[in-house]
């Protein structure tokens, strides 16, 4: 078992944190093996950002992703750059607010979801779009449970933000639940 | 033709300058080839000092002296260290004031001369002992003339000291002249 | 001059990074913002030509007509 | 005490580097020098125990008996 | 024991810092530089919690200087940096070797030369780690290939440094320093932790520089009451007094060199991962190891006998073991994130027995499995 | 012309400084360190007399920094130092290579490591001269064997630096820097003096980093009116703008490397002094050359065919020429005033064709004719 | 102070920017405001463009060399002043502006800073002090106020910050001033005075690093940080009348030193002229 | 000042010297006088010998580590203070004396000097200022007076020297004093005060390098140089009343700063104690 997940967008969207939570949940609470690598441009803020996570049931033999099993893009630039590097049977997810996608080009499953608008409108907090997306990704991935993720979120997020993050995570899972059918 | 001359004593006795004058005179005014290398201890003043000069009629193939043709020692320490490293047919010169020598150990020619006392008593200037010695060495050496040496001295020595240095040089040559006979 | 009177404050939106400095520093609340924070001149007539916005804009994206001498 | 009275100034000649400081700084010209510049106590009785020689000797080679309290 | 092993999802740089603390490091001084800074940040947070000290100094020279000071005072100490800062530490590394004050320097390599590219991996400082300093002196250089290795090799580095009183350099690069990875950490009690030897003689009899060939002398630290001397310029006798006597200097230099040459078996860490039976041997270290292993696996699937010779101890370079391992090889491939550095040593080791070919990348990206695979296929043809 | 040749009795260090001035150097900045300081002292005295500038800076980093500044402003510039100071210059040497601002660094080697022994010769910085810096970049390293060579090689060093826009390191050691020797100086007019190329395009069209492989681009200097950009961190496009694009970085690195690899014939200076016909080849540079020649002469007197392969360009190392030269050798002897540095390259060059044996001395004294002679006899037996 | 209508317009700044380099400073970064101030002062000085060179070090501030359209050069971290010293001696006619950060100039570069001041070499330093190492992600700087937080001072800074201006004065600088990213017109004036001074000039610009220092120390938005400077700046004159306790947490702004003494590159050129004369005289004699 | 009869005798100095190392300073060198002063102050302090460590750099002055019989260490040139900082943090109970030259501490080591002062780390610096790089043969130093001659300033120094004490104060040192090799009793007192100060102390000792600086600037014998110090020293108090022109060529001696503020290694140990307490509390909670 080996899953390669790429979360991409802009610096400041919290994708590095999302990837880290995913990997940590897999490692510590699912007893799996994970790696996560971010890359970013030279900007401290606002540049391109990418967070690659691999989850496997044995030590990861090669920690870098060429083609992803799941690709999340939260900016048009990221979409342009990475949409072509998803496995044919892989899953492509975009943030509806930022990405104008061409779903036909992608043979596998495709989701255009409203992470950022939902965060803003339903949770009153732009910043948790990443956790909604994380929920959706984890839901599609299927190997890291909501509870495992939540345990890590509780450790990594200041206590006053735990509630909204929990809501966001559940919202994310639910998006997929709905859509999956 | 190749002559290896070692001038040894203490820092401050001016042996480096003497060696330099000898080499420069040979190079520039006798059209010979010369090298000169000094070595000293870590002290800025008062430590052991050595100035090796080689003069030859072709480029010097090897610039360091193992056994000397002419050895001048102006301290007991230098005598102890270098007297054993004179060629059998070589010349050993010591400053009578500082060195208690064992002439019998040396098969070649031996001179114990009064450079420092002569400087002090005849020229009223301790510091020109080195030039008296230089004159003596040059006299014994025979390949660098008094005039050549004088030209260099005139260039290297502050003008107010030229006279006393000239006297010193001549005195040195004369010591050998006397002694040579 | 026959030209149309230029507004006293102009924003070169292409250069703007949406830092909010001009909006927050303008003493006359001349600026508003759109959905994603891009400043817009909403009360041009209030402008006293104090130059605060122009002097502080880190992208050199604002120009204010200089007050008469 | 039964010992012979120590002179007020003592030079440990073995340590001396013949810098001349003690000789030149002594206000009472207590020191003279030999042929090659080694200081010698030549006027011990002149010594006022000012300590200048001891304090300035770079070789810590001079000792002066401390003045009585 | 396995039950006590703990799992973490750690950054390579954090694993390094955590390893250092496990090894007993209680002092860190440094100067920020990407991509090493997380090591300093971890230390700033954690050291005061375990009674240790962190200080950010005014530059890298001061960083390693303070580390050497703390070590001279008896505390295990470490610094971390990247290329430009590593260059600034060279004088002190040489000093540390000659005064035999242990210290560990971590260099998380980034794109070089010059200011370089701070956020991309490279292996441009591999030769510098051995030869960057003035004068001859021994040094140990290790290269970490994974995040868990960052943890365990840091412990090794500290151990070597204390045992041999030698500067130890741990190399890794951005792609590992900034990689998060599942890391299983064994309890510290189960690991060998080395502490420098203390003098066994009283101060009057103790000679700070006296040791047999192959050995570091016991170390009297500042504050131990030994009125310790001898932490100074090159030439000192065994009592620690200065004086430029040729045979004393010679003895010191040769004894220090012998700490490496007499202990190769202890210091060499390498792994023959199918190289011994291979037609094509890939010599890899650091971030190229996993890539090389994947490429060789693929090659074997295609019927090509390919194997990896992984080196963890870069310096002293394992000439003899490598020479033995290439027994039947038709060619040796050396992938490097530089213009060809360790390949020179491979050539020396191979002594012309097999062609040695480099695969070099300096554009800021990692060498890919495909690139190594293609090179293996090519070499196999010859 | 011979009539115009002048004879001097010069210190090696003075010959170096005089050569620099002959080559057009008009700026020197440095920091005193034995045994190099006479170079600075000569420059302090002579440069203002020829309209040039000397400045003693606060440390070696500042010394080479000022040199690079002056060179960026269009003036040929040089610094000089010894081991510890050379270590402090490494970051800037790497910088100079990547921004392609010419500079010459003279290192008069002394006993190392650490503070070292300031007044004795050594060759401990030979590998450092090539590998002391962060990252990969080209560099040229020359080694002077006599006082006259100090003069002429300094001119060569300045020429190479200007021609290839590259840092050039001139190595020598205390035994030559502090040697006075009859030195015949040909008139400057009779010598090749190279000046860096100036842009042939107007500022609007000029791209400061644009050049063919094997070439340095023409150089627009500060104050030339070009609004010159591109003197900055590694990754820049040909216009000089920053941006970390892999292929741009790759092209820059490879083009800079090619300045060396495409011009080996121009850069290599070596001399086969009987090595081609020898049973025992002595590979020597710097202060060992004359010793080796005398030892070989003595060996030949005793019927042993011995010859010297003298290398003046240490880096790039002349692998192929050496390999050719050892055609019939039974053994290669490599005398070095270190624990074995250039010998590694000799082994690479020889590819196992002949045994390579080191003769190493690190006690602060020179290798003697006897020692080399004895080693030749020994090697000849095998 | 220049009257409002004389302020160099933003369009004029843009004319002196690189047409091709993308500025990657964070939105609202005070370094950009300071760079604008520097260019305004350069324009106001009326000195021909080609007589200027802008030298930067490494750091966010140290990116400016790529953004301006003057002769420019970026040195290794901390080494602006040695390189600028070399340039100035080689081309004494040039006006050199060193534009760099507090870490670059006072951290790793502190020795060059005091020695350049001592030499009174003709260089104008615009020191952008944002109290932090911005570019590397918010580490403590030699200017970080005591007890403030940084990524390498997670429990609050235990050290005291430098008083940049006091240090520059003690070391020998002949023009020293402090202003803030809020006080742009003052900034332009001070930099202009610095350029006019023949010797070594230091203009410290307190600046907002909103992303690192601001975030870690809860200073709010960029505009809020600028207002913080506005509110807490005290002019040198006023400060003289206030007791020390009233000055804690305040920024003292104004011109500290405007002294004169010989500039180094000029002195050196006198020496050259004299040596040249000696040679000519000797020939004629 | 201690009364004469209390002055530590030379024999006591000798007890604290290495029995085996040969001192190779020139006859009459002021560095030796300063080392004697340091040892006298250490003895007078009554602090147990094993709590002292003497750290030197490279230079003539930097040879002292081998001559004293205390814990000692010689660093690379210019790096005394970083190394001492590491020692002090690791062993806050130690009393560290840095004994080094003007070139070592203010030339190559200038950055560490101002940063150690800024941090107020508990180190006592005895800075032996002989206006020259003695050991390397008389090159110009950052302390060489303008127009004086040195081997690398053959036409007279074009630069201005540092005012060491002003620099130390501006950087943050909490005890700063100047004395000379002539004023040995004052020297002992000042070094003693420096040792007592918990923070960073600088005692500048003006000293005679007769061989290099003295020879090149015709200052005569060692004793004559000491007399030069005697004649031209002006106490801080007296100097306050004199016009600047009367102070040119004078040496202002005395104690400049005797302020107090938190010492770094002590602050750090408070932090450790606090973190330890937090942990214990957390366990108990």
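Per-chain residue numbering starts at 1, and chain names A, B, C, D, E, F, G and H are given in the order in which the chains are listed.
We take it that contacts are C-beta pairs under 8 Å (C-beta built on N, C-alpha and C of every residue); 3 or more make two chains touch, one makes a residue touch a chain.
In this text the structure is predicted, and so the values were computed from the model without any measurement.
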item	value
Contact-linked chain groups that survive once chain B is dropped from view	one piece
Labels of chains that are neighbours to chain B and to chain E	F, H
Comparison of C-G and F-H (more C-beta pairs in contact)	C-G
Between chain A and chain G, centroid-to-centroid distance (C-alpha), Å	43
Chain centre separation in whole Å, for chain D relative to chain B (CA means)	39
Computed distance of Cα centres, chain H from chain C, in Å	58
Centroid distance [mean C-alpha coordinates] between chain D and chain A, Å	87
Overlap residues in chain G, where contacts from two or more other chains coincide	26-27, 58, 74, 76, 108, 110-111, 115, 137, 142, 155, 268, 271, 275
Residues of chain A whose C-beta touches two or more other chains	41-42, 46
Shared interface positions of chain E, touching two or more other chains	48, 58-59, 61, 84, 91, 95, 99, 114-115, 119, 232-233, 242, 244
In the complex with chain C, residue positions of chain G that touch it	3-5, 7, 9-11, 13-14, 17, 23, 25-33, 36, 181-182, 184-185, 221-224, 226-227
Chain D residues within the chain H interface of the complex	17-21, 23-25, 49-51, 54-63, 66-69
Residues on chain H engaged by chain B in the complex (per definition of touch)	24, 26-27, 60, 134-135, 137, 211-212
Chain G partner contacts - residues on chain A that touch it in the complex	41-47
In the complex, chain E residues that touch chain H	26-27, 29, 48-49, 51-53, 55, 57-59, 61-75, 77, 91-92, 95, 99, 222-229, 231-233, 239-243
